[in-house]
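Think of it as A, B, C, D, E and F in the order they're written, each chain with its own count starting at 1.
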Amino acid sequence: MSEDRYKKGMENLKIMNPDSYRDLEKLLNGVAPDMARYIAEFPYGDIYSRPGLDLKTRELITVASITTLGSAQTELKSHIHGALNVGCTPNEIIEVIIQMAVYAGFPAAINGLTTAKEVFQERNEDFEK
Amino acid sequence: MSEDRYKKGMENLKIMNPDSYRDLEKLLNGVAPDMARYIAEFPYGDIYSRPGLDLKTRELITVASITTLGSAQTELKSHIHGALNVGCTPNEIIEVIIQMAVYAGFPAAINGLTTAKEVFQERNEDFEK
Amino acid sequence: MSEDRYKKGMENLKIMNPDSYRDLEKLLNGVAPDMARYIAEFPYGDIYSRPGLDLKTRELITVASITTLGSAQTELKSHIHGALNVGCTPNEIIEVIIQMAVYAGFPAAINGLTTAKEVFQERNEDFEK
Amino acid sequence: MSEDRYKKGMENLKIMNPDSYRDLEKLLNGVAPDMARYIAEFPYGDIYSRPGLDLKTRELITVASITTLGSAQTELKSHIHGALNVGCTPNEIIEVIIQMAVYAGFPAAINGLTTAKEVFQERNEDFEK
Amino acid sequence: MSEDRYKKGMENLKIMNPDSYRDLEKLLNGVAPDMARYIAEFPYGDIYSRPGLDLKTRELITVASITTLGSAQTELKSHIHGALNVGCTPNEIIEVIIQMAVYAGFPAAINGLTTAKEVFQERNEDFEK
Amino acid sequence: MSEDRYKKGMENLKIMNPDSYRDLEKLLNGVAPDMARYIAEFPYGDIYSRPGLDLKTRELITVASITTLGSAQTELKSHIHGALNVGCTPNEIIEVIIQMAVYAGFPAAINGLTTAKEVFQERNEDFEK
């Protein structure tokens, strides 16, 4: 049932990204409310609920992908929060982004590190551990 | 004749994007004035004047393309204005951008919706219709 | 209900892309059968079923987006078939791809035209009309 | 010392990608032999030797990144081999690529799954487990 | 006058890319003959005729750009031919592509080197000098 | 020896990008200090030290590549400074970026020109010569 997908998605979002999803709903409010629902249903309901990879690994590969895209720093920020919320350490996130210099080039990696630093400072994460 | 292309381009621009083109000319002024001329001549003079697709469809596929690029929100803004100026509804524009989630990924689509919302608010468009 | 999304998606696919979806199912068979289901459910069930844009416009903006990506000629082929299946003319498809030279660059547009030519020849479409 | 980086890189390559690196050396032979050395030194010597992430996670984020790029199926193939060589299961690799549909779009994910299927078939991996 | 742009473009093409342009015309023949004309007029007539950079530098920055795109190996091939035709050495072309590893990532650079090797072998260029 | 690469890289950086590198070190400080070292060693130590292309040409192809990426205006800024520091004229830089309209599309080129204008104004460069 579709309602199940939504419910499962909202449960995942509660663990991973409670604030970012609220911001997103507010943003999409009035323009594209269905889009907020699709995000709950497809990425968070269908994909993040799949067995086979734990949430930590799922967030790390998402950080890799959005760093590679290079043009979505708001979403990268939201997923660095998500990664920290499910138990990734700041250091693991930094390692993922550094490695992207090899595949997506140094500019994409430097932009990713800039964004990560902003998130860590907002959260007062000790990112040198 | 080249002057015809420029003239035809300026006519299209007058309908589609009068303010954006003026901003662009001011921006390029002193750095690359030829670039403003090329934009009048090639995209607006050669391409948008072609028969086979109406201006509404041409603006919708442009919104699709720039949303897919992901990294050109200023140009996306200018073409959302253009789409509205030639008679696309806010809802049609939103539909195009939502669909891009399928082909370019959710981050590109969310960025596009954010930009669309800004344009609609600037213009006081009722984007919920 | 999720089953409804799937059913609606399969109905759209039957109109738009009957052969391509069968190829895709065969391809994903054994590796990622869920992916074939997601494709029926999310793009075709959720998105292509939305009111606000007709199927012809939806296929044209998809051709615009995949031409812009530049790296997915198999999917572009499948959507050029889809566009023709829902009533777009070869000429409309060519117009979309030509216009992409402006936003995604000439190499992306030339690759798109090469792919379109292949599809038209396979189908014996008279693409000069 | 630079020689240490090279040595460390070659040790990593021996575990991760012995055949792919040999192919790469042969390919670059005569055109850009330094490039083969840089690949041993920087990605494999500097990056894959860093503590903080194990080789399995490093290969999964690489699969995520190259799937997102969309235009490097030869390198994706080589890293799917690499992922399997360091102990990732076919299923984990498939999960990574499926998730990329969310961030890089369905065409990139479908291309990635096509490439993964080829690798699994070459190796006779049972990818249905 | 537009005819001047076309004439100037064809003169540049005669020096830079005589065979590639003939192939392109044949490819576009029947599908999009205007596109062949636009290519003669805008890139070759307007841009490559501009003073301020010589043709050698213009071809090298084109090789850099298409290597960065990653998804247009046919066009890259055509511009590696073009670069050689206006006097770039194989070694200069290789240097440009190697440097792209820094900005576009190693997969894009390796694909570019593969394509360069093919061109050099076709032409029997001694690419080790 | 690795120390030699670092030393050579720092010498190149002193000529090309003294301020930008200092900013980068400060940015990466605490998050990823190794990344600053890699940048000194690999791009500036290994690549920019290679014979075969002078620093001017190396900076122009970098401007071409980052303009093509479209999503890294901070790095583009830094390399426009670099290009000017090694003797490129504002006009040469503008020519490179204009030409990118052909390969990466007009939005990428317009964004590049916007960034170039900012750099020239910061430096009081007479960009009309």
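A few remarks follow.
Here, a contact is a pair of C-beta atoms (placed from the backbone, for glycine too) under 8 Å apart; a residue touches a chain by one contact, two chains touch by 3 or more.
Since we're looking at a predicted model, the values are computed, not measured.
Under the contact definition, subunit A and subunit E share the contacting chains B, C, D, F. Where touching is counted per the definition, the chains common to subunit D and subunit E are A, B, C, F. When the interfaces B-D and A-D are ranked by C-beta pairs in contact, the top one is A-D. Taking the CA centroid of subunit C as reference, the farthest chain centroid is that of F. Look at the CA centroids: the one farthest from the centroid of subunit B belongs to D.
Rotation relating subunit B to subunit E, from a C-alpha superposition: 180°, rounded in steps of 5. Same-residue interface: subunit E and subunit F share over half of the residue numbers found at their contact.
Of the chain pairs D-E, B-D or B-F, the one whose interface repeats that of A-E, sharing more than half of its contact pairs by residue number, is B-D. Taking each chain's centre as the average of its CA atoms, subunit A and subunit B sit 30 Å apart. Centre to centre, using the average C-alpha position, subunit C and subunit F are separated by 39 Å.
Among the residues of subunit A, those in touch with two or more other chains are 34, 38, 42-43, 50, 66, 69-71, 94, 98, 101-108. Taken chain by chain, the contacts link every pair, so each chain touches all the others.
Subunit A contributes residues 42-43, 47, 50, 52-53, 57-58, 60-69, 91-92, 94-96, 98-104 to its touches with subunit D in the complex. In the complex of the two chains, the subunit C residues touching subunit E come out as 69-71, 94, 97-98, 101, 105-111, 113-114, 116-117, 120, 127-128.
The touching residues of subunit E, when paired with subunit C in their complex, are 24, 27-28, 30-32, 34-35, 38-39, 43, 66, 69-72, 74-75.
Those residues of subunit B whose C-beta lies close enough to touch subunit D in the complex are 101-108.
Per the touch definition, subunit E reaches subunit B in the complex via residues 1-2, 4-5, 34, 38, 42, 46, 50.
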